[in-house]
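For clarity, chains are labelled A, B, C and D in written order, and residue numbers in each chain start from 1.
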Amino acid sequence: MPREKIDIPGQIDHLSIIDKEGNLDKDLEPALPDDFLLKLYRTMVLGREFDARQLSLQRQGRIGTFPPITGQEAAHLGPAAVLRDSDWLVPSFRETVAELWRGRTIESILLANNGYNEGAQMKTGMNMMPISVPVGSQVIHAVGIAWAMKYRGKDDLAMVFFGDGATSEGDFHEGINMAGVYDAPVIFVCQNNHWAISVPRARQTRSKTIAQKALAYGIEGIQVDGNDILATYAAAQEAAERARSGGGPTLIECVTYRLRMHTTADDPKRYRTDEEVQGWEKQDPLLRYQKYLKAKGLLSDEEIVSISDAVKAEIADAVKRAEERMREIGDPGDAMSMFNYAYAEMHPYLKEQKDQLAAELKETAKEGDNG
Amino acid sequence: MPREKIDIPGQIDHLSIIDKEGNLDKDLEPALPDDFLLKLYRTMVLGREFDARQLSLQRQGRIGTFPPITGQEAAHLGPAAVLRDSDWLVPSFRETVAELWRGRTIESILLANNGYNEGAQMKTGMNMMPISVPVGSQVIHAVGIAWAMKYRGKDDLAMVFFGDGATSEGDFHEGINMAGVYDAPVIFVCQNNHWAISVPRARQTRSKTIAQKALAYGIEGIQVDGNDILATYAAAQEAAERARSGGGPTLIECVTYRLRMHTTADDPKRYRTDEEVQGWEKQDPLLRYQKYLKAKGLLSDEEIVSISDAVKAEIADAVKRAEERMREIGDPGDAMSMFNYAYAEMHPYLKEQKDQLAAELKETAKEGDNG
Amino acid sequence: MAKMTMVQAINLALRQEMEKDDRVIVLGEDVGKDGGVFRVTDQLYEKFGENRVVDTPLAEAGIVGMSIGMAVYGLRPVCEIQFSGFAYQNLHQIENHASRLRWRTQGGLNVPMVLRAPYGGGVRALEHHSESREAFWAHMPGLNMVIPSGPRNARALLVSAIRDPDPVIFYEPKALYRAFREEVPEKEETLPLGKSRVARDGDDLTLVAYGAMMRPTLEAAERLSEEDGLEAEVIDLLTIAPLDDELFVRSAKKTGHILVVHEAPRSFGPGGEIIARLVEKAFYYLEAPIHRVTGYDVIIPLFSREKHYIPHADRIVR
Amino acid sequence: MAKMTMVQAINLALRQEMEKDDRVIVLGEDVGKDGGVFRVTDQLYEKFGENRVVDTPLAEAGIVGMSIGMAVYGLRPVCEIQFSGFAYQNLHQIENHASRLRWRTQGGLNVPMVLRAPYGGGVRALEHHSESREAFWAHMPGLNMVIPSGPRNARALLVSAIRDPDPVIFYEPKALYRAFREEVPEKEETLPLGKSRVARDGDDLTLVAYGAMMRPTLEAAERLSEEDGLEAEVIDLLTIAPLDDELFVRSAKKTGHILVVHEAPRSFGPGGEIIARLVEKAFYYLEAPIHRVTGYDVIIPLFSREKHYIPHADRIVR
């Protein structure tokens, strides 16, 4: 056999259901109950409005820096929406809408974004990992969780989110490769928002798509229009069925765009043009989904306004509660709490350090009274 | 655009020039001068015989453990043979024949394998990295070297070797991805010898081939019969032309087999069958190449014997010289030398430690005389 | 009670915990069919099968990252990193996640995993197979760093490590894997993490050591007794972090003379912390400078010279 | 002389070395167009172009591994790891290769690279953006670990680091990036690596610190002078490893009272080594226990509480 072609699956599909003009591909339309469709819409609006609110809070110094998600609502809510309670969600740090969908509270996010560890407190049974700041590192955790699910004979799955930049990390590679080897029930969802801070997608990897990286691991891969929530949902649904039935992992590339800054510390004008941003604003996933719901007769202009008002009110309440909570805790808050949760049991030398600080703070307080 | 196929290069070829029966594919036969062909043969024999000699030395406790290469001579010599002096070779730890081809001496290998740092001494201008024990870690170094070559406007290249197991490491991924992004003149040569110690190729990754991993990085990939030195040479030659002309990196998978143990500390009977090994012995790259050279009239049975004798004599001399050298150095040898080469200049606290040991050893020596 | 090598004792701990608790999973490179390159997991694959004894691809961050996920889900993974010299590939997974998840989630999640790795010199191995970098792990809040010194305490400590609700780095002195045997009871035996032990009583001076250094240290103590009539108290740390300073501080108050022994490079090695604790807690009892007999601040040489690098009794006696 | 922030001073060092020597290459995540997330490499991309100021994919091991290859080939890469909290991803490349290639090849190859990374707390950042783990690097033979404390010495030390024939880990105290300005001469200025400095003279006690801790330490020294009439001598290490013990040992012999300050967790932190050296070399001059004012043995809390974690003048004064 001289030079011959090897028979490997070398094909990657792109999925789109509602196109940029809002036209629907009826054959591909997932059959979802109306209330579910509306719940998706409301949650997208909540994410969008919460982003706006946090930006103004940050500008006023009422919270610290955070990563906005505007423009990526469909790209991460669609996949997250296929999860059951017994499945696990393993987020990166830019899937706020998915976290809210999973039951994380607005208050907890505000607390965390204002530097209170209380905000990252995890209620057990949420079946969710906390956000993971080290890019790509969480990918492997999902594989371990999925391996354990399979070991326990469950038909649950783990869904992990990461960005286009994360695909350059060794951890992404090690995790996805191991998932393939163990046929682990994982769905790898890449939020390809075209930028890793200032590094464009094209400088992150030479491959035309992220989805084709699945070919390296012998697993299924698909690229979807990430601003089309029906497409992101449908692709994830297909992947979920594969995972639950022992078909192994899937890599889903959601092509979307980060409309705002990387974090509030970032100035996108340094590295990208307004034209590019405006081009993507025209593809707003929220507007596209609105069109669809309206055409379906599920959403009226009045309802759009009322939902938006309701959501804003919900956020306002949450902000109030969160700020009350922060006042209760106090700024800087009970210093002693930083010694908690380092270990199941505090070790003696740490106890000594804690007692020492307690004594120092008492002294300071006294001095305060005297002075 | 609903569900449509994305146009990506999804094809991987397999290259074979002399098949398992020794039949030649004339169209693909590289045009190489007779003396070059014979030099390749002699170096393969040298590697094979040196392996055998080191095994017996190890058994006699005259050297420490080492990784045999028998069966993989063609898989790494073929690619290394396309290198120019100004190119760089970045080995793993199982490319002894390539190292010998590049001018590393038998003595230095023996010294290193018997635990003498002198054996790893690198003559400048060799344009070669020392062997790299941490699996996969050297892959990135080759990318840095290649980037620097390009920066300097050279048409040189870096060739890096690694095993099938190494492709699971994050470093492999990060390196090859960056090479793609920078169009770096690197040739990634995987020695797929089917085993990573006891882990079979199939449990290392779910992909059918290693070569197809190139698709994930948007670079060229090819699989070759690693026991066919004409094929490994030809594939590397093609990749070298690509690299030198700015076409970027190539991933070459050489399909071969480790006929002996992983290292002399390993017992392959624990994880693989004799049948499997015997099957591969039939595909011995050395015998296949002999057939080819004989058919070409370049090699006679007498010459086979004379070359083998000459090679054995060369090894015997080298062993003698190496053991003389070791006696000179002494066992354990000059302890003080371990403080050298930590830094360009020894820092004061290290100097204190060195002086302290020197003093202690003097004392011991004295005691020795007295006692 | 059977006389066992450390390899057999560790194997016993793994086998018995796996029998008792189906949450215990062993994973790593070559831990399955091969039984581990040092045979520590020998026969576990045959006994428990490939779902309990998992051969992994060659990916240390992957092994540890997967262990984190398994542990968070409720399993008790015991992963093997083939040599501690390749555990830096996964250090970020421990520093960024395993050691912090309890803290990050304020008690919501925890990571009951064990990372086993052979460390140290003395077996005529290749480069990267002889280092001692326990100080890296000892410096990480939220982590336990354990190093046994003999078959019996290796078994007892490993059982405790597996049951501990927090992550444990378990460094195994490979030089002791088959160096000697000890009686190891078949019936369960544990040792608390975070507690050192007195390995030898004495009133004249204090020697602090752990792991593979216990043998030369105890040998030195015997020689000091015979040759100079000095009785050294020898403290075996067993747990490096959280460091138990109670015993060596008490001993220092008694003897006033202390020597610290470790194989790791001297600068910024474990010895510094031990000395700092002594200065904090026993300063007024110290009668002489505390010396360190350690590896030097260079890479441990290839094996023909390693004996000069690794502390031995002569160096300690001086 | 222009008054510059530390960010500007580091930028100046990079610019001038790049002008002088075309072997100097800056690479890292967002160092190009963006000028670095802290703007340390601002305008270098515009001035030198994408072949001298290289935006990399998001891969720390890749960045450092490539730098090793570049350095071996004869370039002088200065790579930026965006935050020191993500430098563990590349720790194996430093421990297994960068710090050893000179030794491994017995002088045949060397690795003249610099790894820059901002470290430490105080900027209200997210998790993983405020740690101090300089002890990891300080423990590695073959490596230089440098931490400047002000704009002027940052510039001079970075120039020396770039010219050093061995690898240098250069931790930048991000809390000081824009905290104050200093006169920084346009004309070349260097400071030798491996040398500490006396930041303040005094005869009554010795304070040893470095990096971001120099400000609270000097503030504490002033207050001790005003409030208690005690004159503290303050030593600024500048280079953490190889550790220069000459000045603080001399100072300790003079004052007999020593306090060590660092932001890193206490246990197995840099303070231990400093104390061990003092005990080795100045034991008979010590009049009181040497105390450590440091970060606690927990993860630095999220920013609302970090001020309790990071040592400040009050804690030092006590």
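By our rule, a contact is a pair of C-beta atoms (placed from the backbone, for glycine too) under 8 Å apart; a residue touches a chain by one contact, two chains touch by 3 or more.
From a predicted model like this one, the values you see are computed outputs, not experimental measurements.
K.L.:
So, comparing C-alpha centroids, which chain is the farthest one from subunit B?
P.N.:
Centroid comparison gives A as the farthest chain from subunit B.
K.L.:
Using mean CA coordinates as chain centres, what's the subunit A-subunit D distance in Å?
P.N.:
Computed from C-alpha means, the inter-chain centre distance equals 35 Å.
K.L.:
CA centre of subunit A versus CA centre of subunit C: separation in Å?
P.N.:
A distance of 39 Å separates the two centres.
K.L.:
What is the distance in Å between the mean C-alpha positions of subunit A and subunit B?
P.N.:
Inter-chain centre distance comes to 43 Å.
K.L.:
Touching two or more other chains, which residues of subunit C qualify?
P.N.:
Only 56-57, 59, 61-62, 85-86, 89, 92, 96, 103-104, 127-128, 141-142, 242-243, 267, 297-299 qualify.
K.L.:
Give me the residue numbers in subunit A that touch at least two other chains, ranges are fine.
P.N.:
In subunit A, residues 117, 120, 134, 168-171, 174, 177-178, 181, 203-205, 342, 349-350 touch at least two other chains, as defined above.
K.L.:
What is the shape of the graph in which nodes denote protein chains and edges denote touching chain pairs (line, ring, star, complete, other)?
P.N.:
It is complete, because no pair of chains fails to touch.
K.L.:
Please name which positions on subunit C make contact with subunit B in the complex.
P.N.:
My answer: residues 29-30, 32-35, 37, 55-62, 85-86, 89, 124-129, 266-267, 296-299, 301-309, 314-315, 318.
K.L.:
Help me check something: in the complex, which residues belonging to subunit B touch subunit D?
P.N.:
88, 117-118, 120-124, 126, 129-130, 132, 134, 137, 139-149, 151, 158, 170-171, 174-175, 177-178, 181, 340-344, 347-350
K.L.:
Please name which positions on subunit B make contact with subunit A in the complex.
P.N.:
Residues 1-6, 8-17, 19, 25, 27-28, 168-174, 177-178, 180-181, 183, 203-209, 211-213, 215-219, 223, 248 of subunit B touch subunit A in their complex.
K.L.:
Within their complex, state which residues of subunit B touch subunit C.
P.N.:
It is residues 64-65, 112, 114-117, 119-120, 133-136, 165-166, 168-171, 196-199, 203-205, 265-266, 270-271, 326, 331-333, 335, 337-339, 342, 349-350, 353-354, 357, 360, 363-364 of subunit B that touch subunit C.
K.L.:
For a test of understanding, state which residues of subunit D touch subunit C in their complex under the given definition.
P.N.:
Residue list for subunit D touching subunit C: 85-86, 88-89, 91-92, 95-96, 99-100, 103-104, 127-128, 133, 135-136, 138-139, 141-142, 241-243, 264-265, 267-276, 279-280, 283-284, 286, 288-292, 297-299.
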